[in-house]
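Chain nomenclature is as follows: A, B, C and D, assigned in order of appearance, with residue numbering initiated at 1 for each chain independently.
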């Protein structure tokens, strides 16, 4: 039960923060209080709903990736913990930046709000990557039998999110609507079956055979 | 601890989102600030309390069913995860649509609010069913010894929720109060002992005997 | 991992709802926005702080008792689940009734708010007891080696909470301040070492010896 | 599964409260509603962001320490539970005191808000220490093979947080800005590798060897 430095409670705490951050997003949705024209009032608030769905998906992707990453990390240390905390700070800021963006779409400060939104996502996914970079450089933290080619392909795969969010940030300086393109690309990428996963499956199957 | 693709963290994350969504419902209850006549003010807000209880029960039933479903699902993949995320989006929207409905009962936009409320529940329970449909069609995700008759009876059982919510949605186009009927039927159905459960019990008992 | 009908996920879901309900209480605390006299503004709001602490302790006691009860319950069924859900509804209402009470102390509707507050606690602790009553009457749900005297002493112990909350409710009809007395008695009772616990310890020790 | 008095559910409940308290902090951030000058409005609110980050880190450090402490605690009793509950009360108050501080920086009541903020942290970390003091004085609660020198070094290490928060509280009586100094020292201390941890690693390694 009480192992040396298990990753269990780190995963648990991160999962809980991610789940709460995802669920709290809905509390930021604007509540139309109009006596009549409710449907129009809701339709007019479409940016809020789009931003809610986008952020919900970002947090779920972050959760899914975090979950996959810790299949390979077998223990934590002080610095891995600090990097995870920095990642979680930007996760919890999602509800704030999502609300900010939703309230300013189509208004003078749209660009500022979108830049803050994208910047938070760049930092969230960047710190996510630092957890991985730190773990693979300090070999004692990884599961012993982790394949080197798998590590390399996961490193590339994880780096795509901050790269695309940075692209969205830069495009945003010229055009806010076009900054959605890298985001859509990220969703499509996440929905496609990934090379590293096939490798994981193969490896896991051979492990099972080995143990049987 | 670190299995290939366990369903543990998916169940954990879903449970956490469901628990938070259920608990956040109470924060949407209107807070009467009247100096006198508190009881009357609260009684006048009965639709909020009724909507709170109804939505709390929907989320608890969704949790209970989700929990039962994953007894038979032994691993996840990318698409099962995406379907679960789509299910969870509509779970987290409950607090929003419940508040919307509660604030518009007896007001001109009552029907619009009720339609949005029912539509969210149709989608929530529909995506719940897609998780099951996907899992039973991709056999490698199911526990190996799952009985085919059990799968069929669970498929029927799970399909009842979206069917009844759709019925409520359609009735709502004519009459908002009568749209409560399919909901009441759903609660009664949930409270009754179910055929599939008896089968599960029988199967589990025989399994225990087999292992003993 | 995937047992027949384990109590794990029921305990997990209940724990999550209890933890969230306890933490959300703090969001109901009034936020003094005065430019000067912050300390006086906070001191004036003492009923909110007292109500927050009282409700936080009620939820923690409910969590602790729920936790102890499930040491003896080895599986769940449909009706145990429904009773647990009814218990959890009143747990989540705590933040609402606590805010209500805090805002009405010293105002004309103080009694109404206090009666609603006590009534929610009576119902919360009553449904807590129904879980236990149902489990001990349907023997298959209990751990097989549970001592009959232990069951009787736990039944008495658990019944004290709804009895004291009911006493507080009745006293409240005459005097709101005196309704605090049964509450204080409940806290003192919870802080004292309990007979049933000693029995549990003894039993557990002998079990350990038996298994060793 | 159902042990005598495991620490699992205590750890679980505490983790959940800590995770929720950390995530709720973001909901206290002020939401600038200005039509223009969004960036300036946000920059003007810097105390809120600084307070958010500071409190998020305090809760994460508390979680990390709580997690480490329970490596050595193998069972709980009534009083350990009560001390943990007192610790958690002050954890959940963080979102309230953080919001209070953020709203009063640079305003007449800045000192009062800062004193309340520091006092809550003193009490939170003090009750954290009482859990440890109680556990080490009642030997039956500790893991049997816990090294005495390790206990002493952990006792010193845990006492640093309330000492520094108390220092911040006292400095605050003279100067609010300088009260940040002990806080910065606490962060630096937390980021440094600690003596006790090395001992834990060594001990754990030798344990693994012993078991192998």
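The criterion applied here is as follows: a contact is a pair of C-beta atoms (placed from the backbone, for glycine too) under 8 Å apart; a residue touches a chain by one contact, two chains touch by 3 or more.
Since we're looking at a predicted model, the values are computed, not measured.
Along the graph of touching chains, what's the shortest path length in steps from subunit A to subunit C?
Minimum number of steps from subunit A to subunit C: 2.
Going by average Cα coordinates, which chain is farthest removed from subunit D?
B
Measuring from the mean C-alpha position of subunit B to the mean C-alpha position of subunit C, what distance in angstrom results?
For subunit B versus subunit C, the centre distance works out to 26 Å.
Return the distance between the CA-based centres of subunit B and subunit D, expressed in whole Å.
Their C-alpha centroids are separated by 36 Å.
Among the residues of subunit B, which ones contact at least 2 other chains?
Where subunit B meets two or more other chains at a single residue, that happens at 12, 16, 20, 24, 27.
Mind pulling up the subunit A residues that touch subunit B in the complex?
Touch residues, subunit A against subunit B: 6, 8, 11-12, 15-16, 18-20, 22-27, 29, 31-39, 42, 53, 56-57, 60, 63-64, 67, 70-71, 74, 143, 191, 193-194, 197, 200-201, 204-205, 207-208.
Can you list the residues on subunit C that touch subunit B in the complex?
Residues in contact with subunit B: 1-2, 4-5, 9, 12-13, 16-17, 20-21, 24, 27, 78, 81-82, 85, 88-89, 92-93, 95-96, 99-100, 103-104, 107-109, 112-113, 116.
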